Each structure stands twice: as C-alpha cells, then as structure tokens.
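Before anything else, here's the structure in question.
By letter and in written order, the chains are A, B, C and D; residue numbering begins at 1 in each of them.
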Amino acid sequence: MSSFGTLFRVTTYGESHCKSVGCIVDGCPPGLELSEADIQPQLSRRRPGQSKLSTPRNEKDQVHIQSGTENGLSLGSPIGMLVQNEDHRPHDYSETDLYPRPSHADWTYIQKYGTKSTSGGGRSSARETIGRVAAGAIAEKILAKANGVEIVAFVSSIGEIAMDRNPLDPKFQKILSSITREEVDAVGPVRCPDETVREEMVKVIEKYRDAKDSIGGVVTCVIRNCPIGLGEPCFDKLEATLAHAMLSLPATKGFEFGSGFFGTTIPGSKHNDPFIFDESNKRLRTKTNNSGGVQGGISNGENIYFSVAFKSAATISQEQTTVTYEGKDGVLAARGRHDPSVTPRAVPIVESMAALVLVDQLLIQKSREYGINICKN
Amino acid sequence: MSSFGTLFRVTTYGESHCKSVGCIVDGCPPGLELSEADIQPQLSRRRPGQSKLSTPRNEKDQVHIQSGTENGLSLGSPIGMLVQNEDHRPHDYSETDLYPRPSHADWTYIQKYGTKSTSGGGRSSARETIGRVAAGAIAEKILAKANGVEIVAFVSSIGEIAMDRNPLDPKFQKILSSITREEVDAVGPVRCPDETVREEMVKVIEKYRDAKDSIGGVVTCVIRNCPIGLGEPCFDKLEATLAHAMLSLPATKGFEFGSGFFGTTIPGSKHNDPFIFDESNKRLRTKTNNSGGVQGGISNGENIYFSVAFKSAATISQEQTTVTYEGKDGVLAARGRHDPSVTPRAVPIVESMAALVLVDQLLIQKSREYGINICKN
Amino acid sequence: MSSFGTLFRVTTYGESHCKSVGCIVDGCPPGLELSEADIQPQLSRRRPGQSKLSTPRNEKDQVHIQSGTENGLSLGSPIGMLVQNEDHRPHDYSETDLYPRPSHADWTYIQKYGTKSTSGGGRSSARETIGRVAAGAIAEKILAKANGVEIVAFVSSIGEIAMDRNPLDPKFQKILSSITREEVDAVGPVRCPDETVREEMVKVIEKYRDAKDSIGGVVTCVIRNCPIGLGEPCFDKLEATLAHAMLSLPATKGFEFGSGFFGTTIPGSKHNDPFIFDESNKRLRTKTNNSGGVQGGISNGENIYFSVAFKSAATISQEQTTVTYEGKDGVLAARGRHDPSVTPRAVPIVESMAALVLVDQLLIQKSREYGINICKN
Amino acid sequence: MSSFGTLFRVTTYGESHCKSVGCIVDGCPPGLELSEADIQPQLSRRRPGQSKLSTPRNEKDQVHIQSGTENGLSLGSPIGMLVQNEDHRPHDYSETDLYPRPSHADWTYIQKYGTKSTSGGGRSSARETIGRVAAGAIAEKILAKANGVEIVAFVSSIGEIAMDRNPLDPKFQKILSSITREEVDAVGPVRCPDETVREEMVKVIEKYRDAKDSIGGVVTCVIRNCPIGLGEPCFDKLEATLAHAMLSLPATKGFEFGSGFFGTTIPGSKHNDPFIFDESNKRLRTKTNNSGGVQGGISNGENIYFSVAFKSAATISQEQTTVTYEGKDGVLAARGRHDPSVTPRAVPIVESMAALVLVDQLLIQKSREYGINICKN
C-alpha cells in the first residue's frame, strides 16, 4: 500500500504522467509553524537538472499545501500537498511500447496489474518520491524542535571510488559528527564530503555519461541528537524500520547500519562498544560506536549512521539487446539524455525517509513514556 | 509492536525467563494439514546445542499448538502456539545486575522502559525468535502448496572467510538454483555449502571460541519458484519488507539483495538484466539476475536472493573493560560458555522471516488478481 | 487517523476553509473503467442546496482525478481526487470567535489540539465527507461488478415520524428488497420511500425550519446481493466495521442492524431465523431475516440492513444561551440559514461508507478463498 | 483479524474445544503492578454458572500470565495470558453435526471457511471473549491510574422491561454518575440497578427459561473521569471505535451513545448542550449531556454513556423447525440447559471492550500532546 507510518503517516499518490503527484501527511502535531517555504528546499534538492552531471529535465516542482494549516500554523488535521506534473514528454518513452526496459519495472508491473501504463513502471517512477520528500520536510522540522535532531546524508561511493567507511576510522567518525547539508551541497553535484575521492567520483560519472552508460553508488546518512529510547524491540526495531524505508526507494540494493557488512569481520572483543561515563551529560555512553547508535533495536544516543546502496541507473542511452513484450529479439535504446548517476539526487530522499521513520518512533515512544509515568504513581 | 504482517500476521510474546514463549498466527487459511510435526523441525534447527561449535544449552523447545486446528487441519481461526521455558539459569547472568553488557540491549532497554528485567535485554533475547520460526513453518507449508516455493538459507561468510557472492559468477548462481536444506545441514554445523571455504570457516570459529571471543558472518538466502507479481510498488516493495523482516532479527547489521552493495560498482550496461523469451514457460524472463528476482519492488519469477549480515556475538567469555550502571569503571566477564558464532543458527530464522514476508504478499496479491478479473468483465 | 480500510483504503484530507478537500484511494484494482462521471453523481446527491428544504449554499463540488487512471481505466496505483473549496463565507461564522457552538466540536477541538481553526470544528465539517463519497463511488462500482451488489439508503424517520421498521413486517422487508436510488430521489427531498409518512416528515422539517430549529432522523440502508462469507469473525465482524464506518459520520448517535434494539424484545424462538432450502440457488437460506444478513459477523447472503441515527443539527438560527470561550454568559445565534434536517443529505454518505466496508471485506475474503483452494490440494 | 488497537493492542486466540484460549497484550506500559489477581475478578464476573438464572456450566477460567511481568511489575513487553479449556462436553452439541443452528454462525462459518469445526461457530463462541476480558482488566488498571477513570456497565432492559434511558431524565443521569460495580453485582444476577424494574426483569427471564426460550436485553455503560480530548476526528471518532468494539461482541444488534436513537426526536434547541462555566475546575463544561460525553468524536469530560443491544440467545432448548446441512426438513432441539438471557453476563465484557478503546485512544492522544508541546516552543 501507499502509506508509511503509524502515528505520523504519509500516504502518497501519483506517477509520471498524471495531473499531479502528492501526499497526505496525517498525524502532524498542531501548532507547528509551517508553510511551503519549509518544504520547498528539500524538493528542490531532489530535483533533476541542477548540474551538468545530471539530467536537464527541469521540473519546477512547486509544492502547494491544500489543507491542514492556517495562518502559518499546522492545525493537527491532515496536510494535503501536491506538485503539478508539467514536463511529461511521453514521446521520449515511445519505444517502451514495444520493449519492456531491462531492469525497469515495466514488465513486472504488467504481470502484477494486468495492465500497462504509458509511463511503463507507473509508481516506480522517481516522481513518486516527491510526496515522501514533502512529508519528510515536515517530519524534520518536528524532530529539530523535539531534540535538535540533525539528519545529513551524503554520497560515500560512486562505482568503485569509495570513502573509507570503516567504523573504527576516526576520520569517518569525525565526518559523521560534523558534516552539514550546506557542506554536502557546497562540494558540487557529487555531494561527497571526502575531498580525497570526490574528484575521482566526478570523473567516473563523466566517464559513464560519455559512454552512454550509468554507474551506481552508496549514500551514507547520519542522524545526530536522536533521543535515546526510540525503536520497538521486536519487529519494529529502529534499524528494521530504517531498512524498510530505505529499501522502499527506487533503485536500492542494500542497507547497512553501524559497522554493517564489514562489521561481520570484526571479532566481538573489538566490535563491542564498551560503556564509559559521560561527565557532561551525567549518563553512560559508549566509547566506540560500531553499533551505529542502536542496540537491541533501540537508539542509544550515539550517532545513528547507515548506508544505502543504489544500483546503476537502468535507463541508459546505449543500445541494449533484449526482446519485445511479445518475445521477439531486438535492440532498445532510450532516447534523450539520462542521469549517469542517480545517487547524488538520492541524498535528500534518504534524509526524508529517515525523518519519517524517526518522527513516528518518537511519537510512539513519547506515548510510552507517558504510560511509564502514570504506572509509577 | 510485536506483530508482523497484514493478512497473514504473527504476534509473538515471551522473553528468556518467563513461563513460555509463543505466538498467535492469524490469517492461516483453513483446511491446511497441520500438526506440531510440521513446526518442530525448523524449531529444532534453530536450537542451540547441536554441535561442538555451538553452546551446550539444551533447550528442548517442544511446540504445543493451543488452538486453530482440529483433526489435523487448520480451522482458519488464530493458531496459538507455545514453547515452555525450561532452562532458565538466571544465575549465569548475575553480573549483569551490575554491568550493562556492551553491545547488548541491557542499557537501552532500561532507558526505553525505565525498568530492568532479570534477563537484561528482555525481548532482545534470541528466544523471542521461537515464535517467528513456528509461524514461519506454517507460512512455508502454504507457500509450498501455492507454487512449490522453496526457501533455503546458508552461511556465506564467517569473519573474513567468504564465498564468492558475485552475482555474475555462474558457480554462485548454480548454488542458488540447486542448494537444499538437507545439503546445508549435511555439511556440518557451519552450514556453508561451498566446500572451498567451509573448513576454513570452522577453523575461524574454533579460533575465536578458544580465544573466548566471537565472530560474525553472513547468511545468504534464496527463494525459488516465487510467484510473479508479489510486492507492493511503493512503501512495501518486496525487498523493503524482506529488509524489514531481516533487520528485525537480533544481531543483524545489514541486508542486501541481488547484486547488493557490490552491484553499485557494475555499470548499468552490465547490471541490467536483458529479457529473453523462455520457450518452456512461454513467457519472458531475464538472461542474468542481478536484480535478485525483484524489479520495481515486484517479484519477476527469477530466484530471489539476499544476504544478511550478523555481527559478532556480543556475549563473550573474555573480560571486557566497561562501567557499571552507576558509571564506575570495572571489568565484566560473562560466565559459562557462549556461542562463538551465532550465524549458522540464524539460518532457519532467516528462512522463517522470508516465508512470513512472502505468504503475506502472496495473499495480498491474490486478492488483487481477483479484483483484476472482476474489473475486466 | 484519517485512513479507513485494509486492502481498499481511503485517506482523506481537508476542512471547510482550506484550498481543497480530497482523498487518496489505495488498493483499487487495475482495469476498472473509471472517470469523474462515475464519481460525480453521488457527490451531487450529497450536495446541499438541492431543494427548498435544505440550505441554499451551492457548492459545485466538481471532482478532479489527479492520478491512478489512464485512458479511462484504473492503473492499480493510488487514485488521488480533489474538490476545490469555493464558497467559504468565513464571515458567517464570525461569532464563533467568541462562542464555542453548543454540541459542535469547536470546544473539544481546542481541548484536543490546543489550537483554534477559523472553521471551528475543523475536520468535523460536513465537507470532510466529500472524500468518503468520492471513494465510495469507486467501491460501489467494484461491488456491482463483483456480484451485482446494490446499496440503497433512505430516510426512515424524521423526528417522531417514523416508518415501521419491524423486521417481521412484510411491507418493510418488501421495501428493503426492491427500493432503488431512483425511487428514493424521486419522492422529493425527504428521501423516504414510505408514502404514508412522507408528507408528515416534510411538514415536520418545515415546522422546525420555520422555528429556526432543527430535527434529527434515521437513515436505513439495505445491501442486496452481498456475497456470502464477508466479515472477519472476531474484532472485524461485518456489523462491527459497518458500525465503525457509520458512527464515524458527523452527527450520528446510533447504529443498529437487522432486528436492532427492537429485536431485544423478541424471544429467541421467534427471533431465530430458521433455515430453508432454496431450490433456485440450490443452497440453504433463512426463512426470516431478523439477523439482518449477518450471522456470527459473516454475511449469509440475505439482505443486509441497518439504521443510523442522526441527531438534530447543532447549528440553529435561534438564539442559544451559552458561554464564551472565556466562560462569560452570553447568547449565540448562528447567522445565515441552516439545514433544519441533515438526515436526507446523509443518504449517499451512508451508502458510500457501506460500500467502503464491503469492498475491503470482499478483497480480504477473496484472498482467503484463494488460500482455501491451495490448502485443499 | 484477531487484533484490536494501535498502541495498546490485544490479539486473541481460541475457540470452545481447543486446549486453551488466551491473548497477547502488546503495548502495556512498563512498571505497572500486575498479577493474575488483577485479571481474575472480571473473568469471574463473565463466567457462567453464577446463579440460578444462568447456565450451570462451571468453567473455572483461571488465567495464567505467561510473559511480560516480573516481580509483580509489567516489563513493557507483550503479556501472554491463557485460560485452559476444561469443560468441553462436545457431545451436547452432537445434533449440530446434522443441523446448522438457526441464527448461529455454524452455516456462515462453513461458507466462509469451507470447513466445519466440531464447535460449530468456532470463534463465534462466547469463550473467545475471555482474552478480551483479560486484556480489558489491564487496560482498566492503567486508566484508573491515569485519570481515575471508572467504567461501569449494567443491564438497562430485559425484553420489554426497560429502565427509562431518556437522557434528560435526572434519575437516569444520577445513576450514570454514581453507580458502582459493587452495586450492580449486589442487586442479583440481573445486574440492573433500577429497583423499579429489576424484579420484573427476573420474572421475565424465569418465564423464558421455563418456556425453554430466551430473551434479549440492553446493557448500558458509563465511563466517568475520561480525560478530555480522546478520540480521533475522522474515521476513529471515539464513538466509532466504541461502536466497533461493542458490535464485535457476539449477539449484539445495536449501539447508541448519549441521546441515541431517541435523540433523533429531540429538536436541536433542546438537544444542544449549552456550555456553562465550571467554577470548581475553572473550565467550560456542558449543562446537559445529550452528547454523551463526546462532541465531534472527541471526549469533552462529561460522562460517556452508551447502550448495546443483545439479541435473544440463539441456543434454546425447545424444538425448532429447520433444515439439515443437506437441506432436508427436520427438527432441532439443543440438549442440556442454556442461558435464557446472556445479557447480564455481557456486563463485564462491555466494560472490558470500553477500556480497550479508551486506553488506546489515551496513549495516542498523549503522544499528540507531546507534539503540541514541542511545536509551541
């Protein structure tokens, strides 16, 4: 279904070629200062056409709040939001009338729905993420007010060019602790904060662009100042809902948090995060953070960090040998120009989904804390 | 919360030191032949104490069906199941009265719940997975009847010793296409089907056992004969719900499917799975399977395969420098013997969670197919 | 929250004075012929200003489909729909800046949300039902295709003037078996099919209109050709979800189905519906229908009928002695003209909610039937 | 499905003839003093065999907590509870092998599930309510701590013998404001607090008992000290979830709250509840309470009261002319003795469901209040 969340729930609609795409955000607390100006920045960050590295389609993507606010404040009622679809260009996709695009959703959609939309993959369009980003912007504003939560994502690898993400590496931990969105955007379209690999990343993208090919990458995201105690112990562990959120994004292939896959090679004696006493906060904290800010599914107050793998974009301009819907051999070449790497554009989308997960878990936990207080008396 | 699934839903209860652990399985279709004998095998496979490599605690874990069946058939009503807790040994954990165990959930649970259970991490206990495995066994039986679905998990790495999981490697794809549970279990406690690395894995585990340390690993799982069309396009993509399911397991650090993180380095022109016409089934299929059996969140009929990272077990017998709950420096050493590698035991649990995801998505899709049929007329 | 349903789910947004009101319909099967023309009729039936008996506010309420259809067919993706808010007239409510309107939601909304909207009751506005009716129209179309389901509601009482709703009365059962929407609308704005009480109802409404007062009533609804087997046995019995749906409508005070409250006075020997063999359908059916088409929470193929009580409208033009928000004694009189009886306008809304309940239960049951079939083999 | 609630959720299992019936209560806050002694009293109140008016089946119904508590306190983890099934007597129902019992769920269950359980209606058994009552007892304890919430239900009519439930009647309002469970139980098995009708009720029940017949009745319930602001504005209005809860109970035919169906005959000028200033609480309240403590779906601090119609029990000892499953004419007579009126036994079940609704809405609203607080800053 097209809903995500329990107490803070977003429901999205829209595909590439319909009138508008949008969402309903249910459960936003009343009294929040809120206008389009709070939402537009992240929508603009996800927009294509922002640099020579990405596709020139310039969708203006202006969001229009339909309901749920008055005099600049949220009412507590559902917030309807929409963005008009302007730049359809359905002709560009005309060859997909004959061919299911390899590694796109064209064929599986027909199998699932028994019908074919002109947009091919229908809801698997990247435009579907507009509703998520609009909702995420609201979630972020609440989280910032709640605890000064900061969520910053960045590109950590493009193809084989990768930052060192070893959790025991002080440089990596320092980036996690200090990186800002402004810094991420300032370093150019590749959105990688590590100057030692950034230029190589740009070259790799340009290489695949020139070859009419595409290349994947990894987005790493850090959440700072997350309240302690978020995440439900069993099925809805914090990392499980984050994984759910991230793998629901188009083109993703993997998720890892804390030490991740690499962490399986670190013996327990080194992987365990010993406790120390934090004098400034007068509470325990951990000396290392291989756990990635989550233990037993519950946030422990350390930085939460995770990485999401994005595959090489399926739409490429070079010819591909494949078959038609009817099974006849043929060659498909997508017309127009296409993003050689969607990874940098995924940065604000990853942040938005992280915010949606956190705000929902926050509201659930605050309800529990109320329960704890009354049971004590 | 402690429920998972929409139309086929399991709700679990229980922690290490209570009377019993168990679950309620809601939404099992009526008329399924079902008895404890269908459920016990997977419970026994997840049981510790099965080899010299794993912990000697011998929990018998006999499941008792409470409701929902009659004369050996399911009734369609909720199936209550429970397993008595027998082997508590709460004394072994006595030092945890003073110390929150590093990288356990002891401390985060207290932060979240404001209360401390004798079992420390409460629901983060591995015993919580009993209910999942019992439910998964039912799910698997339905899937087998529905489409001959086969789900087989195995260990693909222990520490740095890893099978080649390159999706373009024919040997790896062959294992995915043919491996059986019998074969997985037959190769000894390490449950790795690749004879070239298996012995090394055993040695690694023994090394860490002797060092009173632990080591992590990766479990890879393949789903064969999955019906085409499962998975919901937006938030509940098949890979997203699988990721949610897997990351909800204790000690997990990552999830990847198909080409995974490695796939981000393969350019689109090679990563794309071209379509070919399958004469035997008179339908399209893909020539390669970097997609891992899922495109646009929807199963495409190819093998679904994914990997789950399990961290090195947090409980180790060697001394750890840490602090007490009150923040005093000290040294903690877990008494008793502990599994140096929980990864092999995770094999049936991964299979169970995969089955729970699939059966729920299957039932949802079958409802849609009904809708498609009536709309056509 | 603002969502209703499991597999066929509507999420609504909007209040009286925002840009638009609307909904997202998730789970509509693909391939359904669908355009605004399918939705507008029920929206127009719920519109005020259709007769001298009701309020002259003429809201045009044209629905605009935003997504989820293409070439006149549903795609299977979420259907976004909206209706612009045109006729705000916020001034008419200006006195509500001082006074919480008695038996309105003004005061409870402030208590709940800590904030005040200019529309007073916010989401308790009747305009919120537009999204429900739009969604219900789609649901009805599916139900008609599925089994020729017919849903017809009508006014069965206005104030003390009431049709005989004794379940054992053949005249009442005949109306249930044959009444059509065309007949309901043809008999004038009071929408009561019983000519023996209709004229008196009109007089009663006129009397209260002239007295600047209002009067309540009862809407009765029948569902014909409901498939056998809908409704979940425990918490989601068919009557329970119908009750939930109906009591979620503004101004409702009660729900009863089948013999209802009156049925509590009929002894079991007469209340029980004996089975007979239905030669035409070659199956059992019941001789009487005190059960109202539902037994044990599950539809039995007989007519499902139920009644919903609507209170006298809280907005009246006469003066009311009450207090201001600050607690000062005063007199409130609503300006403008107001519906003396909202009951007739509730007719299409009741039908819509009934359709939403049924289509969701239908899709759930069809999934189960699939499960039954595979378990048998 | 067999779950109810969002943040405080009960999932039940069990039918008449299985090993045990029980439930899992998820979302109970940690730190609540809790033992079987808190749960048993309501279970005992729902038990049959407590008086000469009701059936002699003596089920001991001792509850056993399986998990979720330690040292007399809740842990915050799911609370598993079960009651053994002891007194099966399947033989008493043997004739139901031939006949679907009229107005029972036997036939609809077979239609729905395609299979027949020896208990006939399966989950429609009254024993299914044990899990609800056990969960409700926990909910009540939380509500009492939260705000001193009191929930008291009583019988307000048996057949045609009825208390005056006119909302404008001071005597009725006085009963609502003061009645206690002790008083309800003290007045004998009929559980009606109105001495003017109580004896007649007993006679009516005896009359139908002697005639091997049954008779229905109405249970009225009051909730006192409900916090202001509970209930979600749109689909999950407080009255809607209460209606859902009540109509999910076996044998119910209707639900009304506040002025109910009778309220449709009171003109708006009298039905509206004017506000007054409450000096003691320094806040507004309403002078009358036709609204039944809920306005716009949200609790307003006044007594919440509602009534639930229970049909005459379907199981009667006298012969009934009906047909067999195969459609052959015949006569069915239930053996053994049966309750002539189940209405008095429903009293604790109604209270339990009310508590489950309230505690869930309370936890949801407290989360919102947290959100309001942070948005203000």
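Points to keep in mind about this one:
Note that in this section contacts are C-beta pairs under 8 Å (C-beta built on N, C-alpha and C of every residue); 3 or more make two chains touch, one makes a residue touch a chain.
All values reported here derive from a predicted model rather than from experimental measurement.
Summary of the copy comparison: rotating subunit A onto subunit B for the best CA superposition needs 180 degrees, to the nearest 5.
A centroid comparison over C-alpha atoms places A as the chain most distant from subunit D.
Inter-chain centre distance (subunit C to subunit D, centres taken as mean C-alpha positions): 25 Å.
Look at where the CA atoms of subunit B average out and do the same for subunit D: the two points lie 40 Å apart. For the pair subunit A and subunit D, the distance between mean C-alpha positions equals 45 Å.
Subunit A has residues 1-3, 12, 27, 30-31, 76-78, 112-115, 122-123, 233-234, 368, 372, 376 in contact with two or more other chains. Contact residues of subunit D toward subunit A in the complex are 6-7, 27-33, 74, 76-78, 142, 145-146, 233-234, 363-364, 366-368, 370-372, 374-377.
Those residues of subunit B that touch subunit D in the shared complex are 1-3, 7, 9, 11-15, 17-22, 24, 26-27, 30-31, 64-70, 73, 75-80, 82, 112-115, 117-118, 122-123. Within the complex formed with subunit A, the residues of subunit B that make contact are 1-4, 12, 99-100, 102-105, 107-109, 111-115, 121-124, 128, 157, 159-160, 208, 211, 213-218, 228-229, 231-237, 239-248, 250, 252-261, 263-269, 271-277, 283-284, 286, 290-292, 294-300, 309-316, 318, 320-323, 325, 327-328, 343, 365, 368-369, 372, 376.
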